[in-house]
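Which chain is which? They are A, B and C, in the order written, and residues in each are numbered from 1.
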Amino acid sequence: MSAQTKTGVPEGGGEAAKNAGGMAAPADRAGEPRDGSRRSGPLAGLMSGSAGHLLGLVIALLLLCLIGLVTAGDRFADFDNMMTILRLASVIGVISVGMTFVITGGGIDLSVGAIVALASVWATTLATQTMGADIHWIVMVTTALLVGAGCGLVNGVLIAYGKMAPFIATLAMLAAARGLAEIISDKKTQVVTERGLVDFFGGEVLGIPVLVIVFALVAAGAWVLLNRTAFGRRTLAVGGNPEAARLAGINVKRHTAILYVLLGVACGIAAVLLLARTTAGTSTHGGLYELEAIAAVVIGGTLLSGGRGTIVGTVFGVLIFTTLTNVFTLNNLDTSTQAVAKGAIIVAAVLLQQRVAARNGTGG
Amino acid sequence: MRRITGRASLRVLTRVGVAVAAVSLAAACTSNTPENEGNDSENNGQANAASSNDDPGETVVIGFSGPEADHGWLAAINSAAEAEAEKYSDIDLRVAEGTNDPSQQISHIETFINEGVDAIVLLPTDGAALTEIATEAMEAGIPVVNVDREFSSEFAARTTILGDNYGMGVSAGTYACGLIEENNLGSDAVVAEIAGIDSLPLTQDRSQGFKDALAACGADVDHRVAAEFTVESGEAVASNLLQAVREIDIIWNHDDDQGIGVKAAFDNANRDEFFFIGGAGSANAMRWIQEGEMEATILYPPTQAADGIRLARLLAQDKGMSDLVQVEVPRRIVLNAPVVNADNVEEYLPLGFES
Amino acid sequence: MRGIVKQFPGVRALDGIDLEVTAGEVHCLLGQNGAGKSTLIKTLSGAHQPDAGQIHWQGEEVRLPNPQAALHHGIATIYQELDLVDGLTVAENIYLGHERTRWGLTARADAATSAAALLHRLGHPEMSPAKEVGRLSAAGKQIVSMARALSHDARLIVMDEPSAVLDQEEVGRLFGVIRELAAQGIAIVYISHRLEEIREIGDRITVLKDGRTVATGLDVADTPTPDIIRLMTGRSIDYVFPERGAVPDPATAPVLEVSGLTRRKEFTDISFAVRPGEIVGLAGLVGSGRSEILETVYGARRASAGTVRVEGRELPPGRVGAAMAAGIGFCPEERKSQALLLHDPVYRNISLASLARFTRRGFLDADGERNAAAEHTRALDVRPTGVERAVNTLSGGNQQKVVLARWLLRGCKVLLLDEPTRGVDVGARSEIYTLIRDLAAQGIAVVMVSSEIEEVIGLADRVLVVSDGRIVSDGPADEIDEHGVLDLVMEGDVA
């Protein structure tokens, strides 16, 4: 039977047949299907994730804000409150941005919280603080960054050159770094006596907290790095298909190691921000940060299996969690309810992500 | 076993730091006990100096197991206990590695039972979860001294030493009522509470006591948030709390460790219109009281485990508490939760633990 | 199947397909890549739902909402990318999803016995049901997939290019099995690019083009090959291989010199030299070491002895970066797993090896990338056009062109091609042949590996026959024929 049951394309000769099934894209540049249901070129370039997914995140955040507005009114919409949300988002935000790189590159890091703890403790030991007081508080910042980078390097070398599974290597680091932090601090809370650091990072520029500015700079820098440089492109390649990346001449091992160092440095920055926020370094800092960061990254739309990552999505993921906590507190609701809501959001976001992916997915 | 020896060798590594802290703390405890009327067991121990109780007896092996010292107060508990044991030549103390995992702690106690220690001092990670194994120890003839977090069965411990969590809440609430009265805040005074880990019974007890005491003067808790006993969580919840409530009269924070973060949040937001009351009694908090940065803190003594060690020694040596007519060690000792404020802070400062 | 229509966003993959298969026949499905073969068999296996049309199975209209339903009806599909679990044993893979159980536990012995019976029926009694599938060769895995199909009591088995990964001997054995199955009344839908195979095994032919049926139910015996090619491509192909260019002057200094290259247990003492503009073909069976040789020259594997020189300079062993810097490019055997970022756009796949060139003051010039990629896709006639399109939406031949474009963009003096026409249909093949010829004419030295002996002989200037990890013959391509190579291969195998 040759009757065409449902076809808008006329039965035609050679000409028509050549175009059917294929693309009749007007320009090289386009390449999107005509119905436009997929992401469009320039937008995709900007967002580096699916625009549909990002839209979902924006809607989720707006919805949360709407709930905040309705239930808490001015107290929510207040500028100070917005800054509080951003300030609280800054520490976990910096880590999540770093985590985005590692996950995009096909890895995972469970040790971020422990590295933050160790960096915060190392930066506030009596010796470091004395040196900070003698020279400049920048010594403490440098210490935190170096400790973070060092831990990241150990992770990276074990994973890339030692061929350890990222899960295992960073799990070991999680235990070791927190343990070392406890030994160094003797499990005590080390108060920052060098006010310069707290005043600088705890201060404001044009009404905007320095913490928030640091977070914004880190996020912007990371966006450029991931989307506008060869390094970012290689990260996608290494995460998407390490063998193809290797055969295309990318030094996959070195690149992987660098990704972990980068995240380590992000942990160092986060530790400094945390010092300013809490005025203390302790081995209890950074508890469960690994899970919060991974959750924010995944909700943001970065593929947990690697090869696709979005900084903008991650920032939204972090903001959604922080705003959620804020809205709950403004309404005097307890933490248990909050935890349930967090779980529900993770599930909803991932389901949404899959639906969008399925709709945008390639056929065959 | 291996864990226990591992812990010992780790201690050698950090000996310098621990020793310094322990010595200063131990000195603090002993030198101040005469004035410390609130602390009956300490009084008793000191009074015993005159009796024969402190004289060396037969050597007893005491097993000590507590939660992981991931927190200033717990670290103080552990180091005070170890320091106390070192003061007695007839105590051979076995310290199990601190853990927050009940099943691991159970295996520590099993090890103690197998070793046949003379007494066990146990600060359980979770009272209910450790009840079974503690009962086993008792049945094996080993007296168990239960510290701070109570077992769910009367038969699981020979003696129980408790800080008074409910009493802590009552003290905080009563003190808050006093402030309300003094300052004519009235019954609509805005009272906020920053609790610790919400799922712990001790947190619930503290909150209940606070609420009950406030009710006595017609006030109530208008806003309540829960942190996790960490500096960071304290800062985060306090920041949000300050946004939620623009005018607060009184804030009670359960724990001075997380109080460092809470205080940082206050400073960041430039808010100080309220009376800030703390909990536990860290040295930091006491210094803030001296400087006028904090109104008061409710003491929760970090010497319970040290008292536990002493009592365990008496139990194992079949001695009683010489200040009591009773020849046996009592079943239950509940410590007082006094308020430390500017009036008496000088007196309590040496007892404050460094968080 | 009647009037099957399948619509994907923007693409009408199937546009009215008719296919009728009768019991006991081997029905060949032909068509260029992108003609809709894969989509059609996915519809048949329940993986895709048709947007219109009906499927009749043994006289009744059926719906196949999922692969389980298709299996339930007795329709089993063996995909091109074999869907086996490497970590499980042969028997476990065969009964995956319908495990033999007894009282809720897997009945291992029972499964092993029946698996052995199935393997025996497929003419491979030597395979052990307890062997881990990851350790099997491609041919072995194929057999396991077929055994799995049989374990479902399949009445219709769909095979998607089963011969692509097999050497000739294995293909012969496969055909034996297929004939046996057909004789038992099982219908086979057989998909292949190799027309000569279809002549050998097929009963009837259905030809697809651009998502439509252009001819169905043709009798193989009555349809000459050129007619089939014409149906598939819409044009007549008179020759497959482009004319050879002028043979490079033997006096020219070679650009690539390999000497004494050895990798333990893979190949021994491999030496050859390639001049600019020359195409050297490595012929040999799967497992002879030919692919390993290419990968070692490229530095993707580390040689245990021997040297590789480019323009006289020795390359450090095991360093891909150094090989690339010296001007070597490499198109690996497994395009999808070794060369492409499947979900990434075409232009990113092309620029991957040349990112440094598009970096301006630390930033990537994405427009520059797109333009350069567009230039090369135009030159290589990659279809459909559009460099933003994800590369996995292209057919095999066009994907191969994208990989070639990567190296043309980077510019290289030596191009190593491992199975450049694997999974590429006839029309696109000759385009790729012409391309390779053109590259050689531009002075690039080409080393290619192919399982198809006629391809090596037809395209290369010089043929090296590899057998058992050694070069057993080295001579001009026009002095050797298919039988000669086969003899050498066999001889080497025996020795």
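Just so we're on the same page, a contact is a pair of C-beta atoms (placed from the backbone, for glycine too) under 8 Å apart; a residue touches a chain by one contact, two chains touch by 3 or more.
Which protein is which chain? UniProt says A = Ribose transport system permease protein; B = Ribose transport system substrate-binding protein; C = Ribose transport system ATP-binding protein.
No experiment lies behind these values; they were computed from the predicted model shown.
Colleague: Can you identify the chain nearest the overall CA centroid, using each chain's own CA centroid?
Modeller: Ranked by how close its C-alpha centre lies to the overall one, first comes A.
Colleague: Given the two chain pairs A-B and A-C, which is bridged by the higher number of C-beta pairs in contact?
Modeller: A-C
Colleague: Let me have the rounded angstrom distance from the C-alpha centre of chain B over to the C-alpha centre of chain C, please.
Modeller: 71
Colleague: Report the inter-centroid distance (CA atoms only) between chain A and chain C in whole Å.
Modeller: About 39 Å separates the centre of chain A from that of chain C.
Colleague: If I count partner chains per residue in chain B, which residues reach a count of at least 2?
Modeller: There are none in chain B.
Colleague: Please name which positions on chain B make contact with chain A in the complex.
Modeller: On the chain B side, the touching residues are 10, 13-14, 17-18, 21, 69-72, 75, 198, 223-226, 228-237, 239-244, 246, 257, 260-261, 263-264, 267-269, 284, 354-355.
Colleague: So in the complex, the part of chain A that touches chain B is made up of which residues?
Modeller: Checking each residue of chain A against chain B gives 72, 75, 78, 80-81, 84, 87-88, 182-183, 186-189, 191, 202, 274, 277-280, 282-287, 325-326, 329-332, 334-336.
Colleague: Considering the complex alone, what residue numbers of chain C touch chain A?
Modeller: Result: residues 2-3, 5, 8-13, 15-16, 18, 34, 36, 38-39, 42, 48, 51-53, 209-213, 234, 298, 300, 320-321, 324, 330, 332, 337-346, 348, 351-353, 355-356, 358-359, 362-364, 366, 370, 374, 377-378, 383-390, 392-393, 406 of chain C touch chain A.
Colleague: Along chain A, where are the residues that touch chain C in the complex?
Modeller: 1-7, 9, 14, 17-18, 20-23, 25, 28-35, 37-38, 41, 44-45, 224, 228-230, 232-234, 236-237, 240-241, 243-251, 307-308, 359-360, 362-364
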